[in-house]
Amino acid sequence: MADRDTTIATLRAIVHDFVADRDWQQFHAPKNLAMALAIEAAELMEHFQWVTTEASRTIGEEPGKLEDVADELADVVCYALAIANELSIDVDTAMRRKMAKNEAKYPAARYRGRYE
Amino acid sequence: MADRDTTIATLRAIVHDFVADRDWQQFHAPKNLAMALAIEAAELMEHFQWVTTEASRTIGEEPGKLEDVADELADVVCYALAIANELSIDVDTAMRRKMAKNEAKYPAARYRGRYE
Amino acid sequence: MADRDTTIATLRAIVHDFVADRDWQQFHAPKNLAMALAIEAAELMEHFQWVTTEASRTIGEEPGKLEDVADELADVVCYALAIANELSIDVDTAMRRKMAKNEAKYPAARYRGRYE
Amino acid sequence: MADRDTTIATLRAIVHDFVADRDWQQFHAPKNLAMALAIEAAELMEHFQWVTTEASRTIGEEPGKLEDVADELADVVCYALAIANELSIDVDTAMRRKMAKNEAKYPAARYRGRYE
């Protein structure tokens, strides 16, 4: 897995350069990026729209399907990082802080096997 | 920036452990996770819903607002990584492959300053 | 069912008056309304996020749940009608035209029991 | 405007018949329909993604654009009515009840020209 060696900053730079090469910062207002992210999240959902919850677990067995799903997931990550770039949010810091809030909200002992 | 040193795999492990500690893999069918991701993307959008496109650029100046936005962005990233975990998608590979497709679809010379 | 007697125009007028009474047309740019609609659609999804596809069919049996779902559905319809109001789209005409396209795209004989 | 004469029940029947003719009730679990609705809402957003808030008000002046927007809006309404059909929700009743809650939450005198 390349994810073992790749830093968040490396992926952020890829997104930054793609945008800068096209002079697209002018379109990358956070409002627009948040819409773009939600649109890509919806395109990812499309792959799971009509299958049952259980069948969605084996979607990777359908040939070509996993690449389609990975493409949409990549778009989601790209726009998430574009927002982080635009608003100078450190993803690592944001994730650890939010996860600490989640730990407090959903203590493992109480929520084991239950989500509400 | 911690993003300079943190690998994708490190963030993936944080998400994996949070889920495993609660025995939540049973709920983490890709269909459910794709819905969760879209819901978090919508919650991120809420912060930009009624402001103008231009005003969204300075949203970080409103006290407390940037932390709220960063929290929602963190939720989006968490669910994106949960999907990557569930379907064993390498985010780095997926992003680079998708970016190569985007480079072919939107050549920099032709799309400079234009998005369509 | 009141839906038997209520016209689309009647519901449109309810939405129009609510907006006008608050002088909210200034916020009701179609871009903002499209975001609001997507956000409400996500809130509706929240009720079905962690249940299985089959279990979602009986969600009405859980006390209070159907009113919550109906509230979110109402929000979706309100924003859809707000967009129709703002852009002077006749919903009946738009729906019939789109349904004719759907009939052509998904002939009943060929798509019986299959969606792709 | 046909909306002046068309009842909600008439539009509901159009959706019902389209679904029944294809034997698609089996796919129309509320969970799936809520996803479909959110996906269509995202497709509607796409038309407003990169334009400014103000420019979105005149989107109808671009030839062909209003029909595209109306098509997506129709899809949103269709899925909203499909959910109403599936869960036997009376749209008129749901909307009036929700609007009464909105009136209480946002008194006109206090929210005139302000949304928060």
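Just so it is clear, A, B, C and D label the chains in written order, and each chain counts residues from 1 on its own.
As a working rule, a contact is a pair of C-beta atoms (placed from the backbone, for glycine too) under 8 Å apart; a residue touches a chain by one contact, two chains touch by 3 or more.
Not measured: the values here are computed from a predicted model.
Counted by C-beta pairs in contact, the busier of B-D and A-D is A-D. Think of it this way: of C-D, A-D or A-C, only one pair shares over half of the B-C contact pairs by residue number, and it is A-D. As a whole-number value, the distance joining the C-alpha centres of subunit A and subunit B reads 3 Å. Subunit A and subunit D have Cα centroids separated by 27 Å.
Residue numbers of subunit A whose C-beta contacts span two or more other chains: 27, 31-32, 35, 38, 41-42, 45, 48, 50, 52-54, 115. By the touch criterion given at the top, residues 35, 38, 50, 52-54, 115-116 of subunit C touch subunit A in their complex.
In the complex of the two chains, the subunit B residues touching subunit C come out as 27, 31-32, 35-36, 38-39, 41-43, 45-46, 48-50, 53.
Subunit A makes touch with subunit B in their complex at residues 1-12, 14, 18, 21-24, 26-27, 29-32, 34-35, 37-38, 41-42, 44-45, 47-48, 51-54, 56-57, 59-60, 66-67, 69-71, 73-78, 80, 83-84, 86-99, 101-103, 106, 108, 111-113, 115.
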